[in-house]
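To start, the structure itself, in structure tokens.
Letters A, B and C mark the chains in the order given here, with residues in each chain numbered from 1 onward.
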Amino acid sequence: MRFKSIASGFTRFGWGLLPASCLLLSVGLGGCGDNQSGLSEPAPVGGPALMRRLTESQYRATINDVFGPGISIPARFERGLRVEGLLAIGTSESGMSAFSVEQYDAAALSIADTVLGAEHRDRFLNCATASEGAFDAQCTTQFVQQYGMQLWRRPLTDPEVSSLVNAAHQGFIQLGDYYEGLKYALVGLLVAPDFLLRIERTQAPPEGSGPGQLDAFSRAARLSFFLTNASPDKELLRAAAAGELDTPEGLASQVDRLIASSRFTRAVRAFFEDMLQFDLFADLAKDPVIYPAFNSTLAADAQEQTLRTITDLLIEQNGDYRDLFTTRNAHLTRALGIAYRVPVPTRKGWEVSEFSADSNRAGIQTHIAFLALHSHPGRSSPSLRGKAIREVFLCQEVPPPPPEVNFSVVQDPSDANLPTARDRLELHRTEPSCAGCHRIMDPPGLALENFDGLGTFRTVENGAAIDASGSLDGIDFTNTNGLAQALHDHRETPRCLVEKMYRFAVGRDTVWDERPYMDYLTETFAVHSYSVPQLMRAIALSKNFFAIAPPTGETSHNLAGLSPANGATR
Amino acid sequence: MNTFPRRTFLRGALRGAAVGVALPLLNCFLDSNGKAYAATGQRIPLRFGTWVWGCGFIPEKWIPATTGRDYVMPEHLAPLEPYRDQLALFSGFDVKLDGVANKPHITGCLGLRSGIPVPDENVKAPTLDVLIGDAIGNGSRFRSIEVSTSGIQRSYSYRTAGSPNPSEISPLALYQRIFGEGFQDPNSIAFKPDPKYMVHQSVLSAIGDDRQRLMRTVGAEDRHRLDEYFTSIRQLEQQLALQLQPPAPVEGFVMPAAPADVALDSEMDNVLVIHRLMAGLLAKALQCNQTRVFNVLFSDTTSNLRRRGTIDTHHTLTHEEPEDPTLGYQREVAWFAQQSMQAWREFLDELASIPEGDGTLLDNCMVLAHSDCSIAKAHAVEGIPTMVAGGGNRIRTGYHLAGSADPISRIGLTVQQAMGLQVERWGSLSMETNKSITELLV
Amino acid sequence: MPIVRDDNLAGAAQWMAASGQYNRAARISLALLLLFYTSFTYAQLPFVQNGKAGFVISQFRYALPQDAAETGACPQGMSLNVQDIFAQTAAGKRLPQESDNEYSARLRSGGELFATAADGQNLCMNPEAGEPDPHFRTVDLSTMPMPGIDLDGGHSAEDRAENTCEHVAFTGTDGETGIDNQFYRVVGCSASFQSTGPSNGFDTEMLTGSWGILMTLSGLDDIVDDDSVEVSIYANSDPIQLSPGRKPLAYATYLADPDPEFSATTQGRIKDGILTTDPTDVLFHHVVNSMYLRRPLRAARLQLAVSEDGRLEGYLAGYAPVEAMYNVLYGYRDGKTSTGELAPLRLRSGSANGAAQVLGHTCNGAYHALYRYADGHRDPETGRCTSISTQYRIEALPAFVIERNENDIGQGISAERSNAL
């Protein structure tokens, strides 16, 4: 039974049925033993309670939500750690260096200066009695309790409150100014691990056995970061305290409220930025002679274009996720117009139009952000693009090349006998040690060869006409529009999104026993016409989302023996 | 129930302990501070200065052919060879005009220093030296000291528009200002620690007290990560403790003698003499904590420097002198550009000649050197030559970096960050940037 | 002296040869190649959409012959500035024991005499108050090969008789006759206009976005042979877009200056890949030392080679009104601030006198020389010509030009826009 459920759908490298050599990949579409369990949620599985570090965007969004817009956060955040394809999973594993803590500390001082400075403090302090010259214990306690709850995502214990009130008091004594002292209570809140780390806490399972549950405030935090990319707001904290998140109605009402809020867009953007690996733009370089139009403005606008296309289609229009691979909606700036070779009349900022039907710009996989990111500095790369299509959109993992491979042929575009990338890669596909993977990676990538290493359309390479025909798991096509349709129709396309979305939501990789739950979500996604907000709603309402598995200390050692000896897949 | 990761089969082994992103940085941080304390047992402040020369450079004589550490110093940089490891060269960074008309020699210089291109002398202040001075200059007698060595009363340090911080132009006047009336023995000034550091430290200490409680609530791997967090908090506490100690006593400070009065003449040899005198006085002033910020104008942006026996100035030559057809550049202009780099070398010599801690004063100064344009003939503000020198192990130097037409405000932003200013974004219009030059930062 | 020129085809051939890129044999094969390619690739030429193509000027400089040192154009030497002139007088000689600084100060004040009219007016601001300056050297030789086009040949003789003044035309770099470039005679002996000098590098301002020029072709059916295309020329409202290597980028979008004074439309034709146009008056912006000026060119014509990748290369030539040319190059008398007010006199006068000093001329010398060589737009009352034949060498790249009252916004893209201009 278990075996069948794994084999369902397209062969999934990540599920490890296939040796790393790739040679078995030609199996293609495997058996179709669909799980027919209908739309009732399988029993919750759950993972460990996690300790997740706030991402930069979560930190900024939370400060924005708690203290209002316009609070400057002058900090340099460390790069995130990408694990299993997602930064969200890395937040459960990355450490916290001295540099980071120094930055958090400086940001906390600056935020406290703004919040409690003479100009703004009345907005945050509800104490008519407070003045510079006297310490006001009651007002301080109230301040610490109110903002402590919002920043630590739970009520503070009495010792925690009195420690922070004491810090403010000591500050007053040393500095002679009530507000100056109070700043240090806020600094204490903002530098504490309880703010910077989402430390999940559990409660005993309802019936005393089976998977455990997150406590109410940890549930609120999971919901809130998943649906707004920030800490819970006051209303959600109230509902958590009142036990409303334990009832299906109470939970649904909060989930629907968050999805309807303008902050939901932030969460969808955070997910896709992570899934599309936009953090890699920080390292992206292009040869300025070959791609003169590439600069930091273009790089920033390209990412924003794809994100606008996504949120416009998925949220504003509540569209079908699969249409992201065929949409011709064009969100453009003038910098992008140069790379796309289209006019952009709007002089500053964004305009919305549509790429023409014959423009070869159907789908976000034909955007500059995808094409430029998955290319070399001086040329396109069918292999990198094909690999990204497999891994990013279809969750099919391609192993790295064998160590002894000779790349000199592919990397020498000057060979006049091999003018196009297709010609050069043909050598790889005839080399046995390379053929398996390149047969998987290259065909979808070759369909994007009409775009150069930046993403500008072209019809010739080194004087030879480009053949953009390719295939994707049994569907043949002759141009990029064909690839667009194939991605749209691929059965792994929605399933992959479901899996990544859930991993993003819970901050860990999925486990073996969560297969039926993935099937359930995938079917729910289909029933709702592949609406991403509906998928996120289904996740947020599911029991699996909050489930905590008992610790499995020994498991990993036991399992090591089951795996192939080489293990060389990274 | 199988709750092992779905990929375990393929992987063959689970990951080991959690990944700490920046542990090497942690060690490095300890080393650097450890060293700084080791020499004196006290803290030595990092000072900041700018050194400006006018009328740009000859690109083929200045820009190294390669980037990175192993570049060959072109002819005009040759005098700086002894400082190779303490010098970062920046080529190809632009003042972005955004269609603003280029006010020759003004827009570039102030654009670089303020992050805003201006079409006239209405500076959008403050300039970055003032921002840095406000952050680090509090404990010293002068917020900053400005000198101009070519006889022109001018400065490109602005707190507010229209009122530049005036430069001293005579070595004697500079001497009297620093070492004349009001000068105190640097080793006898009473030190009063800022109580803010004490309050701040006790807040962090309270957070550290929570360690045991939290450790109990998380699993083994997360305990490792929490431990790293608490170690980082402890280090921050130690840094603050340092602020509560008095600054290092000034060892080996010798009161300088008053310089002879010299003629103010923009002839190059004379200017080099004045410059060396003023650099020496400035170094002494830094040594005994009279100031922590300085701005040196070696030659004005419309340079009035002259070569002995001629009457054409450097600036007029940039416009009048034809290009030498065999050299491909202006021969006389090149001489001035080369002499300017010689003067820069001599400035660094003065800073490096004063021992401090286990290094020299230069190790405890970060100096930003720049011009107002790249090719003066065309008043081009693209690719203005810029250098950062000194900083010891508190910044990273010893390389040439090409900017690929990035906004030059990236340099200004990073310099502020390296000086410890908490700023994440700087400049305006196309010059607004949050992209630090990570190569410069430790 | 007007000269009747060859037929257009031969002229084009000569031009192409002159451009140094093709020899005659190559031209024929290129033409064949273009013919062959036309049917196959024309629809895909990305810079032509719906018969319309836009361009941004990417290089713009005076078309001048080789330096005086090579051609012997200036047997009396180069033009002098006021301090040079003073230094040549008895009073201007250096005194024994006079220091550099003292002599330099004396030269400055001595030079001021030559920059000031008898009635005390500054000559840069009032050049007509001064006399023609014998130290302002000009070119009377006509033997040097001259890049450019024939402005007054091949057109009606009556026009010429009415409108132009007597002048000697040059012979082109490939032997074509009738090249009119009186402007060269004025500046040819100025050191700053030699190839090593700074005066012909003024497109720096263009590349930093202070001003720019756009062009469109409409009714374009064929980039090799098309007997009728409409050609428009505009000032650019937007800064030119550059690569990190500071080279202009193709396919950027620009807004044409909405002020109708800064746009002009004329009729043109393409033969063997060479676009030529009928004359029209054009006006461009110009910026000097942060002052905004106007650069007009009357009866301007284009002769441009059109390449398959959308690059244009050739000449823009016409008649520059003398008063305006004096302002643009020498006097800045009508210089405006960025907000449109007349710039302070100190800035205008200081810039003009400073430029005269560093570039090596006198303002009155330049002014009178411009009139002396003027060959166009003869004033019927005074009989004096008021404009001077001037040639620019230009290059252009494909661009999207958004024009006033245009309904072709978004060609190639759907018309639906949420955020149109």
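In this text, a contact is a pair of C-beta atoms (placed from the backbone, for glycine too) under 8 Å apart; a residue touches a chain by one contact, two chains touch by 3 or more.
Just so it is clear, the structure is predicted and the values come from calculations on it, not from any experiment.
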Quiz prompt | Central subunit by CA centre of mass proxy | solution = B
Quiz item: Higher C-beta contact count, B-C or A-B?
Solution: A-B
Self-check item: Distance from the mean Cα position of subunit C to that of subunit A, given in whole angstrom
Solution: 55
Self-check item: Distance from subunit C to subunit B - Cα centre to Cα centre, in angstrom
Solution: 44
Quiz item: CA centre of subunit A versus CA centre of subunit B: separation in Å?
Solution: 38
Practice problem: For subunit B, write out the residues touching at least two other chains, lowest number first. | Solution: 404-406
Quiz item: In subunit C, which residues are in touch with two or more of the other chains?
Solution: 238, 243-245
Exercise. Can you tell me which residues of subunit A touch two or more of the remaining chains?
Key: 288, 295
Quiz item: For subunit A, which residues count as touching subunit C in their complex?
Solution: 288-289, 292-295, 330, 334-335, 337-338, 341-347, 349-356, 359, 457, 459
Quiz item: Which part of subunit C faces subunit B closely enough to touch in the complex?
Solution: 100-101, 103-104, 107, 191-192, 194, 196-198, 201, 204-205, 208-210, 238-239, 242-246, 287, 289-292, 338, 357-360
Exercise. Name, in rising order, each residue of subunit C that touches subunit A in their complex.
Key: 44, 46, 238, 241, 243-245, 247, 249-253, 255, 400, 402, 409-414, 416-421
Exercise. Write out the stretch or stretches of subunit B touching subunit A in their complex.
Key: 1-15, 18-23, 25-26, 29, 195-196, 198-200, 202-204, 206-207, 209-210, 214, 217-219, 221-222, 224-226, 228-233, 235-236, 239, 404-406, 417, 422-425, 430, 435-436
Exercise. State the interface residues of subunit A toward subunit B in the complex, per the touch definition above.
Key: 13-17, 20, 45-51, 73-76, 78-79, 81, 84, 93-102, 105-107, 109-110, 163-164, 166-167, 170-171, 174-175, 180-181, 184-185, 187-188, 191-193, 196-197, 199, 201, 288, 295-297, 509-514, 549, 551-552, 555-556, 559-560, 562-567, 569
